[in-house]
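Worksheet: one structure, shown below.
Letters A, B, C, D and E mark the chains as written, and numbering starts fresh at 1 in each.
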Amino acid sequence: MASGIRLENLRKSFGATDVIKGIDMAIEPGEFVVLVGPSGCGKSTLLNLIAGLETVTSGNVLIGGRNVNKVPPRDRDIAMVFQSYALYPTRTVRANITFGMETRRVPKDAQESALAEFAKLLQIDHLLDRKPGQLSGGQRQRVAMGRALVRQPAVFLFDEPLSNLDAKLRIEMRTEIKKLHQRLGKTVVYVTHDQIEAMTLATRIAVMDNGHIRQFADPATIYENPVDLFVAGFMGSPPMNMIPGRLFHENGQVFVLPRSARERIRFPLDGPAGQGEGLADGREVMLGLRPETIFAAGAKLPGPHRFLFEAPVEVVEPTGPDTMLVFQIGGQDLIARVRPEDTATPGATFRFEVDMGKAKLFDAGTGMAL
Amino acid sequence: MASGIRLENLRKSFGATDVIKGIDMAIEPGEFVVLVGPSGCGKSTLLNLIAGLETVTSGNVLIGGRNVNKVPPRDRDIAMVFQSYALYPTRTVRANITFGMETRRVPKDAQESALAEFAKLLQIDHLLDRKPGQLSGGQRQRVAMGRALVRQPAVFLFDEPLSNLDAKLRIEMRTEIKKLHQRLGKTVVYVTHDQIEAMTLATRIAVMDNGHIRQFADPATIYENPVDLFVAGFMGSPPMNMIPGRLFHENGQVFVLPRSARERIRFPLDGPAGQGEGLADGREVMLGLRPETIFAAGAKLPGPHRFLFEAPVEVVEPTGPDTMLVFQIGGQDLIARVRPEDTATPGATFRFEVDMGKAKLFDAGTGMAL
Amino acid sequence: MRARRTDGIVRPSGPGAIALRVLLFTLLGLFCLYYLFPLFVMVSTSLKSLAEIREGSFLALPRAISFEAWAKAWGSACVGVRCDGLQPYFVNSVMMAVPAVLLSTLLGALNGYALTKWRFRGADIIFALMLFGAFIPFQVVLLPMARTLGELGLAGTVPGLILVHTVYGLAFTTLFFRNFFIGVSDGIVNAAKVDGAGFFGIFFRIVLPMSLPAIVVTVIWQFTQIWNDFLFGVSFTVGDSNPVTVALNNVVNTSTGVKEYNVDMAAAIIAGLPTLLVYVVAGAYFVRGLSAGAIKG
Amino acid sequence: GGTVEVLHWWTSGGEARAVGELKNSFEAEGGTWIDSPIAGGGGDAAMTALRARVVAGNPPAAVQLKGPGIQEWAEQGALADVEDVAAAEGWDAVLPPVLAGIMKYQGEYVAAPVNIHRVDWMWANPEVLAKAGIGTMPTTWEEFNAAADALLAAGITPLAHGGQPWQDATIFENVVLGVGGADFFRAALVDLDQDALNSPTMVAAFDQLRRMRGYVDPNFSGRDWNLATAMVMNGEAAFQIMGDWAKGEFLAAGKVPGQDFLCAPTPGNGFVLNSDSFTFFKVSGEDNIAGQKLLASLIMSPGFQETFNLAKGSIPARTDVALDAFDACAQRSHEDLLKATEANALVPSMAHEMAISRSVRGEFLDLVTEFFNSDMSSETAAERLAAAVKRAM
Amino acid sequence: MARAIERRLPLIVVSPLFAVSLFFVYGFIAWTIWISFTKSGVMPVYDFHGLAQYERLWATPRWYVALKNLFVFSGLFIAISMALGIFLAILLDQRIRIEGAIRTIYLYPMALSFIVTGTVWKWILNPGLGIEKVMRDWGFSDFTFDWLVNPDFAIYTIVIAGVWQSSGYAMALFLAGLRSVDDEVIKAAAIDGAGPWRVYTGIVLPALRPVFLSVVIILAHLAIKSFDLVVALTGGGPGFATDMPATFMYAFAFQRSELGVAAASAVMMLATVCAIIVPYLYSELRGARR
């Protein structure tokens, strides 16, 4: 039932502007692939190419092994959920959902039973006779989902389907989508701006930038082992702290000396980051420390690779479950995520502890992970 | 310079629908008050009433001690930043910013110097001759801020000013706003959907629901001591876990017995939650446990009021910095926020530890905190 | 008209504000008089007897209301040798205007839809070239059009007139619909494509039902234009198939005999009644439709 | 039997009744009558429609069309001849030769006249004249001017006039006839002789016209001729210079000639001829051709000529119809017609499209109207008239 | 195969309509241009005759009157209709409860045909029947309002009637435009201290630029095509003082049987139309590509 998708050296230009610049990608049947990337990087365009809503400039799109470059959307066996839902405003919820089956001349009773099944599943069975204008955002979203699901296509495409919902509903719908995917096992390609969504839904995440795919891997790998500065900086909120500095060796140990740091702090690379190759003395690097790996000294269970340092706190931002402490090293704003009970006062010096076992190291020039 | 705001039994109806249902509120000069609440609860309406963009149905609005019920917006000495920025599309950035001064016949050179000051502050001095259409979202946002700031009014009103920005820019702008408030010390009333924004910016948060103010207190209080289920459920992402159950006493200790829990778990109320009054045996209550207070057994430093229990994990959601574990007690989905390294497999039993010192207790009937 | 969210803005109160309000309503009232004045003259004249018209001032209200002129204009005024009033010609106009309006609206919608939602190479040029048709003075095309109708065997027939109105209405209807469809999200069309609908399926089942505001504006505009047309009607129809405007002209523009002003006015009102009715009934939708995108802005 | 479609602009009053007569007679003979009336602008709208119809290849069988217009259409090959009817009924013998010539193209009848109108009539209200002490109708322009001045002095509008180009031209051509005589009229307004157009006589004619402009009430512009007639009838004005169709208005109002109103020719001892006719267009189909012939024959029948002209106020085109049933003015018209024919003083009307093509006539109308509505000098007017006519030829 | 047809369907649908337009608009324009170079009189003839008709046209004084009238009329008509349209739209925008009724009153003249409009206004403006008479009957015996019959002023009566008929439409367009201005922008201006006057002049009207353009185009095209109104109201008179290119063309083609001159004047009119429409189309299409 689920089909794989292959993109072969896919390119797309609008007039003179290249938007998709040669993408190769193989999506296994049943996978849940999430596309992330900054605004305008070409995510929607890529989805449209797969859907057949835009023609490819060069390269191939294969769905279930079949080249569909010239196949119109309706014959690709796909369904799509749009950011703005794109419900048919003049049709009732029922008619919205059955429209795809009508056009395919599915028998009436088969339509009815499919409708009933998914309306129940999505808890919209009491809304079937309303028009989209009479629905709340979350309800619309579910109708859009229902419209896509009911046709039981081989591939689902989602273009930021949750971005118009409020936080609570978003979390709910996210869980729904995850459950549905697990139940139906269809191939899904999903575009989102929301990193939590990406991390929790995806079997693999593709990080796009400017028409290219930077990294295509499972969520843990993306988060733990970003291939470059772009991916590292893109995932995580607040984003990974980046400290420009220089390597130096002492006593068989590699350290990072932050640039222009008056504080004379040196971060020991005693974790995996220190095991890489080419860690030559004096090399310009970027040290990446995620906010949650910096915490109040003594606040967490003792572990290996811990490194203590002190710095004056600039801003204290309690967010509820956590408190963010903004401090500076080498004139660079850094953020630490500490527990609400680790009280700090702006201006006062604070003792931080950092788990260097989770530090990342990037080449300052190329931005590639070392 | 900054004025306080008093709302006295304020009501507003549109035709037959009551939108603001009697609000009393006193905002001190220089405060930063954030209004939060579900969509449609009347936040924008309240802001509009303060601004004079809607007439009050009954009650009073006082700004700086003066009743302004019949004073048109321009004479209220306020400035407002709108969600859509509401820049004047045909005027340049410069003319957008100076418009308010022009209408008030501020001398040309005073205009110029005010413009120069704030343009510099907001880093838009190189954009002054552009039209709004030629600006990016973040730049527009700053122009809208500039337009409000330059007039140096006594009160600032913000209606979801950051909701159209992407995550990264949002964090940046949030910090800017906080800095500006600290610098200028003006009274601010700020509407947002974003809880992190609310928590980090506010000196006090007002949680609104359905035309009423449920709680008006500083962020920590709102988060730590919500007055009722609504406020507790509204703040926090993922939201507080709510476990319906019954109280019972044993050995001088109060416990919560979750309803219909086959697992026969009982939560000991040995923290502050157990100190309240009226904790009669058999009372129907809601036990509130925030996800971050439930963690993997042994993952955090030992502390008082810890309680261990086991439950099979249903869903594992790694979000990057944390991993969410969904499990059930009494047929109720609960979420625990654990560290990424606390690996769990769906279906397997997991040992959780909960900090009962942070547990909240609510009456099941009224929803009020006990 | 949608309620404005700016209606609640607190306004200055006091005597100055009240005076302004009074001024506002005075002005509005004066303009109402200006616009209603001719209609008043028409209606009151049509209700007077000839004798009263000759004696009194045209501003005076009728002393005794008489519907005789109306009856005559409708059923027994002479148009040439026929004395059946406007009635038969009124029917002609309906037979001509209804199909022409529907046809030109439908084709305009189809055109606008194809040009905006299925953009193909040259769509803009095609649109620009078609739009020019809206601005061509009709006297210019009279003779070649007559020739063409002759060649088509449609000379002097109602279908011929329908063709003419459809052809020259197309430019405006296309313009209206194109401007409307530009504002309709492509997402809906894309969704329908993915749902398996084709060009016509999307048009008839999704897009057309959505375009009610544009349809209202277009139908009103076309109906007014076509119903009120005189030049084409007089040139391309024969005697009994004349539209009501030609008949009205024959009643009003006579050069001999006593001028029956009351009958003239009654006839004029009767001939204008359908369009008037359309504006009164659908006027609100007209402005709403205009703001829904039938104009640029 | 047969079918005939008739395009005309006689849509009301006596004219419409007259056409109704024709229709009734036609239907009495078993024919089918399709009526295509198009009112407005003295036939302009009808001409527009006619052109469209002919271009479309779908002309009506008979059109109310006259004068040189007949020749123009004939030259386009658009007309059908009814020579067999005319020959059989001997039309040549009963029509004035000038008129017969207009009806023929290359010697064959293509049109049938229904009437003869005299354009150079002057109508007056005797009561009003009496008030100003005027006993008789003026016979020269000098007398007219004197009478008008007297009327002005008595506070009465001397001349009822409607400011429409054709009405201006009607006065103009009558003035030309009176000032220059029939030969000059023919030279200037029929043969379009440049010397005649730009001659002192023409200047004198314009001078007289200028004078008459002063006798018109200030509110004359755009007024229909019948309203001007009504002014005379009601005593608001004394004179009207208008063709004999004006008499239809007097009669319709129950006025008696010689008693309630006076008629006299304008100065000049001529006869300015106007005639309505039906012109036959080429149609196809037995039925249509039969209908056309039947119509031709009916139009020229003495019975129809009498009824029609009694209704319309003109005199029959046939000279052999007895005028006993007609009023004194019509009888005077008939006598003058015969006299003028003999004296070679019968001229076709320029203003009423009997003399020259529509394009040249248009230039005349433009100029006369402009002269009448401005303070152009007579000399300039004559010069410009000559130039305009030259341009249009 | 079916798929190929399907893919070209939009083009297949548009093409015949486009072809019809090409023929009925551009074919006929070409025909007119050709006729303007022939010696056509009563009926079209097709032999080339050079520029004679244009020389004739530009030597005809009446043509200059028509041109001058066109400029006077369209200038005043467009300016007054627009000014009145904006003014009324703004008045109606002041939270008037009976707005719907008033709007209908302002809009209804648009529904009436020229014969009706012309007949009534002719009567009202006629000094002997209308306002002047009424005023004099009321005792203002010196009151004079004789524009209709005064060659120097008659053109302004056409402006009066034209404005009466079209300003409501301009009002509707402007009102629609006003209503489409973002509410928050207006609120922002109110807070910025702008009174209603400043809100309109400083913020709202500048934002209506595209609407202005649309209104100008629609009014200009009405002005250029203004044939009906002239015929009904003055018939081109007094004299030919209110002649316009459209009536000029009509008179020459159908009253005078001078098709050649008429065609030449039609070509001049088309050139004027082009001069106005082409820039409009350009901006329209450039706007669509944004």
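Note that a contact is a pair of C-beta atoms (placed from the backbone, for glycine too) under 8 Å apart; a residue touches a chain by one contact, two chains touch by 3 or more.
The structure displayed is predicted, hence computed values, not measured ones.
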item	value
For subunit A and subunit E, chains touching each	B, C
Path length in steps (a step moves to a chain that is touched) from subunit B to subunit E	1
Higher-contact pair (C-beta pairs counted), B-C versus A-C	A-C
Remotest chain, subunit A as reference, centres from CA atoms	D
Chain centre separation (subunit A, subunit D; CA means) in Å	92
Whole-Å gap separating subunit A and subunit C, where each centre is the average of the chain's CA atoms	55
Interchain centroid distance [CA atoms averaged], subunit D/subunit E, Å	37
Subunit C-subunit E separation of Cα centroids, rounded to whole Å	15
Two or more partner chains touched - positions in subunit C	6, 9, 142-143, 145, 198, 231, 249, 252-253
For subunit E, residues that touch 2 or more chains besides their own	6, 44, 187, 190, 250, 253
Where subunit A touches two or more other chains at once, by residue number	72
Touch list for subunit C against partner subunit A, complex	185, 187-188, 190-198, 201, 205-206, 209-210
Residues of subunit C touching subunit D in the complex	78-82, 142-143, 145-147, 149-151, 155-156, 231, 234-236, 238-240, 242, 246, 249-259
Of all residues in subunit D, those that touch subunit E in their complex	41, 44, 47-48, 51, 54-55, 69, 72-73, 75-76, 78, 163-165, 218-222, 357-359, 361-362, 366, 369-370, 372-374, 391-392
Touch list for subunit B against partner subunit A, complex	38-39, 166-168, 171, 175, 178, 193-196, 199-200, 219-220, 223, 235-239, 290-292, 298-301, 315, 317-322, 324, 337, 340
Partner subunit C, residues of subunit D touching it in the complex	5, 8, 10-16, 19-20, 23, 33-42, 45, 48-49, 51-53, 55-58, 60, 224-227, 245, 248-249, 252
